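Naming follows writing order (A, B, C, D and E), and every chain is counted from residue 1.
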Amino acid sequence: MALLDLKNLSIEYKLSDGKLKAVDDVSLTIDNGDILGLVGESGCGKSTLIKGIINLLPSNGKVTEGEVVFNDEVLNKLSVEDMRKKRWKEISLITQSAMNSLNPVYKVGKQIIEPMIEHDKTPKDEAMKKAEQLFELVGLEKGRLQDYPHQYSGGMKQRAIIAMSLALDPKLIIADEPTTALDVIVQSQILERINMLLNQYDGSMILVTHDISVVAQTCTKVAVMYGGKIIEYGDVNQVLKRPNHPYTMGLKNAFPSLVGDKKELISIEGTPPDLSKEIIGCRFAERCPFVQGKCRKGEIKKTSVKNGYFYCARAEERDELMKQADIPSTWESN
Amino acid sequence: MRLSKYILKRLVLAFLTLMILVSIVFFMFRVIPGDPVSMFIDSGLDQESQELMLKLYGLDKSLPEQYFIYMKGLFQGDLGNSFTYGKPVLDVIGERFLNTIVLTTTSLIIAYSIAISVGSFLAWHRNSRIDIIGTILALVVRCAPVFWTGMILLSIFAFNLGWLPLGGMVTSGTNFTSFFDKVFSIDFLKHLILPATASALYSMATPTLMMRTSMLEVVKEDYIELAYAKGIPDKKVRRKHAMRTALLPVVTMFAVAAGLAIGGSVLTETVFRWPGMGREIVLAVGSRDYPMAQGAFLFIGFATIMFNLLADILYAYLDPRVSLD
Amino acid sequence: GPKKEPEALVENTEVTENLDPADKVPAINFWIQSQTKDPLRYESALMMAEEWKKLGFEIELETREWATMSAEGMKAHEHDMFICKWGGKPERVDPYHWLYSMHHSVNASEGGYNVAGYINPDYDALADEFATNLDLDARKAAAFEMQSILASDVPQPPMFKLQLKNAYNKAKFTNITPGVGLGVYSFWNFMNITPLTEDKILTLGQTTDIQLLNPLATKTGQDIYMLKNIYDPLVRLDVDGNVVKWLAEDINEIDGTHIEVTIRDDFKFHDGEPLTVEDVKFTFDFAKEVNSPTYASHVRIIESVEITGENTVLFTLTDTYAPFLSNTLSQCLILPEHIWSQVYEEKGAEGALTWENSNPIGSGPFVFEYWRPNEEFSLTTNKDYFMQPKIDGILRIPFSQQLGLVQALITEEIDLTSNNMKPIDIEEVEKNENVEIIELVDEGSYILHLNLRKEPFDDVTIRRALTLGIPRQKIISVVFDGGALKTFSMVPESNTFWYNPDVEKLDYDLEAARQELKDAGFRWDGEGKLYYPENYTPQMLYSE
Amino acid sequence: MDNNVRVIETKNLRKEFNVKVKRDDSKVKEVATLKAVDGINIYVNQGETLGVVGESGCGKTTTAKLLLGLHTPTGGKILLGDNDISHLTKKEMKHFRRRAQMIFQDPYESLNPRFKIKDTIMEPLEIHGIGINKEERYQMAKKILEESGLKPADQFMERFPHEMSGGQRQRVAIARALVLSPDFIIADEPVSMLDVSIRAGILKLLRNMITTRNLAGIIISHDISLIRYISDRTAVMYLGKVVEQGNTEEIIEKRYHPYTEALLEAAPNPDPELKFSLKKITGEAPNPVDLPTGCRFHPRCPKCMDICKRMEPREVDMGNGHRVLCHLYSEDGE
Amino acid sequence: MKNLVKLFRKNKTGVAGLIIFVFFILVAIFANQIAPYDPMEIQFFQDGNVKRLLPPSSEHLLGTTYMGRDVFSQMVIGSRVAVLVGVISAICVAFIGTNIGLIAGYFGGKVDRVLMGIVDVMYGLPFLPFALILVSVLGPGVQNVILAIVLITWRNSSRVIRSQVLSLKNRTFIEAAKLSGASDRRILYKHIAPNVIPISLIYVSTSMAAAIMTESSISFLGLGDPIQVSWGRILFTCYSSQAMFKAPWWILPPGIAITLLVLSGYLMGRAFEEIANPKLRER
């Protein structure tokens, strides 16, 4: 039984002049112990998707289709109050930019114990003790609980938020770009900490990022999102070693590496599709070096592979495409 | 400690500012044509009497000399003698100042308590019909001249309905043993209602809109989203997270507004003939009672500056991010 | 449409072609007062300007605040023209102020009361006679002559007198005795008014408060009226303005400069100390010594005061001064030496003038009880006084506005007010039929101040034309709502002894004005603007 | 191509800022000195690219601005050719401007939102009076835009910045920098705000421009793996000091300084099989206002020795122009 | 600029403000044509009695005053003072404030300290009382009222513009311009100034509102020019005559007109604020 099962989820934002389909027919499953990396370019709908899971969309956003099944419960059918009770208790969400996620006018300690008091009615001193343990766990001095957020550095804030997310031992932690704003050294420290904690807890996690290096280092599964759709999904090793979708292929070669020979980096020219317009055919077609007539027609079929799937009109030719994709000149603009 | 040093620094600056203000006002008054005694010519103060009167008030001296004497007196806590009242300015102003303070504090407290709840309410229901109507109403109220609102209130409640008195601070001829006795009497409250309402209406709009804006800004903050993600109920998010932070600029505004309101009391006090500082300034300017007007100015300027300082300190204490420099 | 250009009455005037622009009568700068102090003056000015334009004058209206106008016009004499209202005061019953101070050439320099800068040697001669001759008939004759000259020369024409409407509660009080110059707040009214009910305290309502109780430094009428009930002068003016002996038992005018006064021996200060000739001498010496602004104009004429007997003092004057009794002795209140000499010792001269005198001790019929600024001012009757008022005391309440006072009349919270009731107030007041309106004529008048130091006012034809152009009746009915009288003489009609009824009355008559101008050779251009006669030479009389 | 012509060189370059800081619980700020750049010696040769890496706040941008005369140095020298440019008159400065240009990090910020693209590019020409008339300047602008990869240029000239994507704006910025034909250019994190998929394009463009025009280039980044792809030489900065500099590949290989080592190890790799193995480098970089005594890296240094706490290390040349600032390698070290 | 217009048009309340404002401007321009009577002319009945306090009728649309003047004509003519004071002071305030803000913010250092020192002192000045004294010194008159308003209110805009400039001058596109060799003047007036225009416009509009309010307040306190009809003075006359309680037609129109015109200023100001601060736009 999967812990979280997204079934054909679609999310739309209402705009003043029309609508914007930020998430389009997304299906995913996460089991206990999975760490799913959700990668994609800016604006492809990552944050929207995870907010859709715990029903935290802004007022103009709405799940238009599909279901979010968590522990056999359909989350998007729950009442507001029932949903509220699930939040943090079962799924905690570390929102994007932890820098601003702490309320500047309360001490950090107070903010950490807040959900414990709210959900479990834990007495204050007990909650404080727990908070101290959590701080130790994420590598912060417990004395700092009495500080205000602005007295923290970026890395410390991120740690504090991670500590907070663990406060109620949730089954699933969703972290939206938890390390984007941090320096590499701090980033690696934090990712390591997350890895370690998840191992201890046997918790599951969704890690949202735009950096496939981070995914490669941290996750067990990866979903590559492009223009509101998950265009490729599977085990990390599988997807990053032998990508099936041209976009994934390109992305992989766009990342610099310190190890091995200095390969030429590639660049996928062009811009992602405008989600407020209707897209026919493959949404990567505009930027895909392998684009053919059929890519621009009708719906692209899903191709299932072991533990995953991908959407590409030229699915059968993927080995050939991959070979070509490794040659930088393929990606040079026509 | 450091804070005290900071406050000391600000006080010194405030003091300098005040001195500049007083000097500006001092010289401005001497530039205005007319002196306090020439106004009494028609009622029998002939030339010689005028000169004696001027001499009595030290106005026969040269300008720099007068300035020096005034400043010297100022440092000794002597604001000179009022021409009109023939007694030390401090004696007259002290009471007027208290009267003004009573009126402005009452109206500001009313204004801000309403503004904060209405403002956050509007923000929470943003873009609903009630929000649009409320916002426009607040804007309209802010744009209505306070003296006009006052006139209309007087017209309705005092003249036509006769529920409340026509102005003044107490019914003429009533006696009170002390200032506090007076301030807590029913009669006084009756006199207070209309002026306080008029100026509350006027000063309510700005904080209402400010609270609304501030709230809207705060609502977009990531920590509000996090609070929801934490499963905190809507009401608590609004009260503990949103309002608490959104209040910061409004509370600061309160202190600034208090300073402004004291200066702005001129109009309300004139319409309602409230024997406060603002009305005194109008009278003193009209009768060229320099020491009185200078004194009133000093008090108002002092209040304005002190409230600004208070606002800064308050802000630094309410918002842990902010510090003073 | 609103574009109403003041049409000069071209139809009725003969137009002269090709006039030399240099001959044009200069534009007149009319200072009008901002409405704060007295909207009546402002409204009158607008209506007058309209009429004058019809005569061909160019009028520029310029706004001044009262304080500015007073300093620049009344004091510095820099005006072209403005309107001022001069107050009627008891010491002005003897028309010395109106006829001598305001028109004698000695007062024409800066700061002097001769605001117009009127210089007329014939007039000066009459004025000197009036001021120094002790013979009443001679003085009266001079005064009549002077009034005639002024009414025809119009250096600063008097225009209106207010018809005051005061109110009192006739169910509670009777025997109202208004006095000249002070109306219902005259000393005699307080002495004579008779309560009809058990409430024997007379409650006065006023829209201003008492300001200062120091008789040496006070400057407002309201203060002085009240002080006159607390302190005694040597003589008082009766309801008609005649001198009656008061503290003085006997007055012996030895000659023009020596006056011996014998005082009564039954006067006591409110603290029990007897009032003696020492106090009298002290008062006059002291006022001079400390340079009291209030006393200054009265005591200037006194050279010395000597005690010549147990109860007698001798005043020696520097010059003959006819109105010595009515203007000086009636206005100088006698102060207790034992109190003021002590103040002097402690605070010095200036200190004595700025002393608040918050518990004034006098010898008068009323004893000061308390004063709470903005709330109440209270006097009780002096039981030891030789003459007993019918009331037990006076309570004076300041109101913040006229309407409040009107309502207090209706609710019978106050018994009497000297505030003028406008028609709109009277409408209200009539709600209580116990409130009775009494009409009085104000002794003061609205005067149009011209400046004879400047063109074109040096020309008498111009002045007369302007005077003839004042639409008195219209202003009275529109601006004053009927509550005023025309006046043509500097001395008020109500002052029956001094008033000359036969002066020339230059009432509104544009035709007459135009005729006089024409007769003097003035000319008009095609736009109806006024030009000087050919070869006209200015007639400046004034030089400093 | 003569690789040994020094275009720009710094000698013990220093920059201090007076900043207001808040300490402890005090509500009042104090003035303190912040040593943003604390005695650095770097150089760039013609046709060569120097990469500068380091954590956030280590002084990279300050160095760049010093080199361009946007800041006045507190001490030390900047030599452009043989001229010390650290204190120029207004006129000299204007002349100098033609020789040195910069590309900024944020493409959304570096273009005046109220200027059309053509205005942005033509402005420098106009200021320096290059080109006889508007028309000629227009043509020059068009040419450089096309060189920068915005083809056809006519399509872009009339646009406003908000009508372009981030990558396109960055190209405009490059065009503007090059339109004056400078001797050297500095690119401060030129791609960190861009999506990974298009980074390579911009970097390649920069690289091409530097080599074909035979410029001296400095490229700043916090990402060492990226630096590897574009720079010939690399300088590693830590808290205002260059702790190691030399040939890029050599630095990656030899990594003498413990900080360089940490930086290299912390960088995540897109290959999931190469998980990072972070040696215990603890904590975060301290506040530059309160610098540690001795070697400023010592509180975080896994190889910290006694002397490191007391004494500032001196630069040691490890041969081939590879210089390190660490007690481990200095004679007085052991 | 085109953007500005477009954004402005999107803002409904801003457009409403503009419409009100244009309406009053038109009334002011054609005041002489619209007003049926001379506003100062006293109206008489046939029998020579003054038309005191007549309620509205077809002859006198808004009734008459105690002195028998036509309220409607006074309102129409009075709009001229309001619009004049509003527009002129707004332009002056924005011009002075913007330039001082630009200079102080851009050059910093001593210049900044001196200018902001002055601003600080100005902030200690209680606004209305000081305006009263100024008008007393200068004498009643519209131009003096404007002068007084301008002398005091430039402080607000200059402070805000300065802080805006402070942040703008560290924006990278300014540094880029510097790198291109642009002179201070060029940077100040070509790069920075256009970017503070929306803020200046906020101050143009809100200063306009404030100026109109101040003018009417000063007139109401009796220090306005009595020869010039203005809304504030209508209210003053109304207040000083006891009739104010009995003549709603006299007391209501000036207040409503002031409110509307001031409101239009604030509405336009808000529109500009939203343009200047895109964060506010979604509201």
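Following the convention adopted for this analysis, a residue touches a chain if its C-beta (ideal position, glycine included) is under 8 Å from a C-beta of that chain, and two chains touch if they have at least 3 such contacts.
The model shown is predicted, which means the values in this text are computed figures rather than measured ones.
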Other chains in touch with both subunit B and subunit D: A, E
Centroid comparison with subunit C (C-alpha atoms), farthest chain: A
Comparison of D-E and B-C (more C-beta pairs in contact): B-C
Distance between chain centroids, defined by C-alpha means - subunit D, subunit E (Å): 50
For subunit C paired with subunit E, centre-to-centre distance based on mean C-alpha positions, whole Å: 44
Whole-Å gap between the CA centroids of subunit B and subunit E: 22
Distance from the mean Cα position of subunit C to that of subunit A, given in whole angstrom: 93
Numbers and ranges of subunit E residues touching at least 2 other chains: 136, 221
Junction residues of subunit D - those touching two or more other chains: none
Subunit B residues counted as touching two or more neighbouring chains: 32
Chain pairs in mutual contact under the definition given at the outset: A-B, A-D, B-C, B-D, B-E, C-E, D-E
Subunit D-facing residues of subunit A, complex: 41-42, 153, 155-156, 183-189, 191-192, 210-217, 236-237, 240-241, 250-252, 254-259, 262, 265-271
Subunit D partner contacts - residues on subunit B that touch it in the complex: 1-3, 5-6, 313, 316-317, 323-325
In the complex, subunit C residues that touch subunit E: 1-4, 32, 34-36, 39, 42-43, 46-47, 61, 63-65, 68, 402-403, 422, 424-425, 477-479
Of all residues in subunit E, those that touch subunit D in their complex: 171-173, 175-183, 186, 191, 194-195
In the complex, subunit D residues that touch subunit A: 55-56, 165, 167, 195-204, 222-226, 228-229, 249, 252, 262-276, 278, 281, 284-285
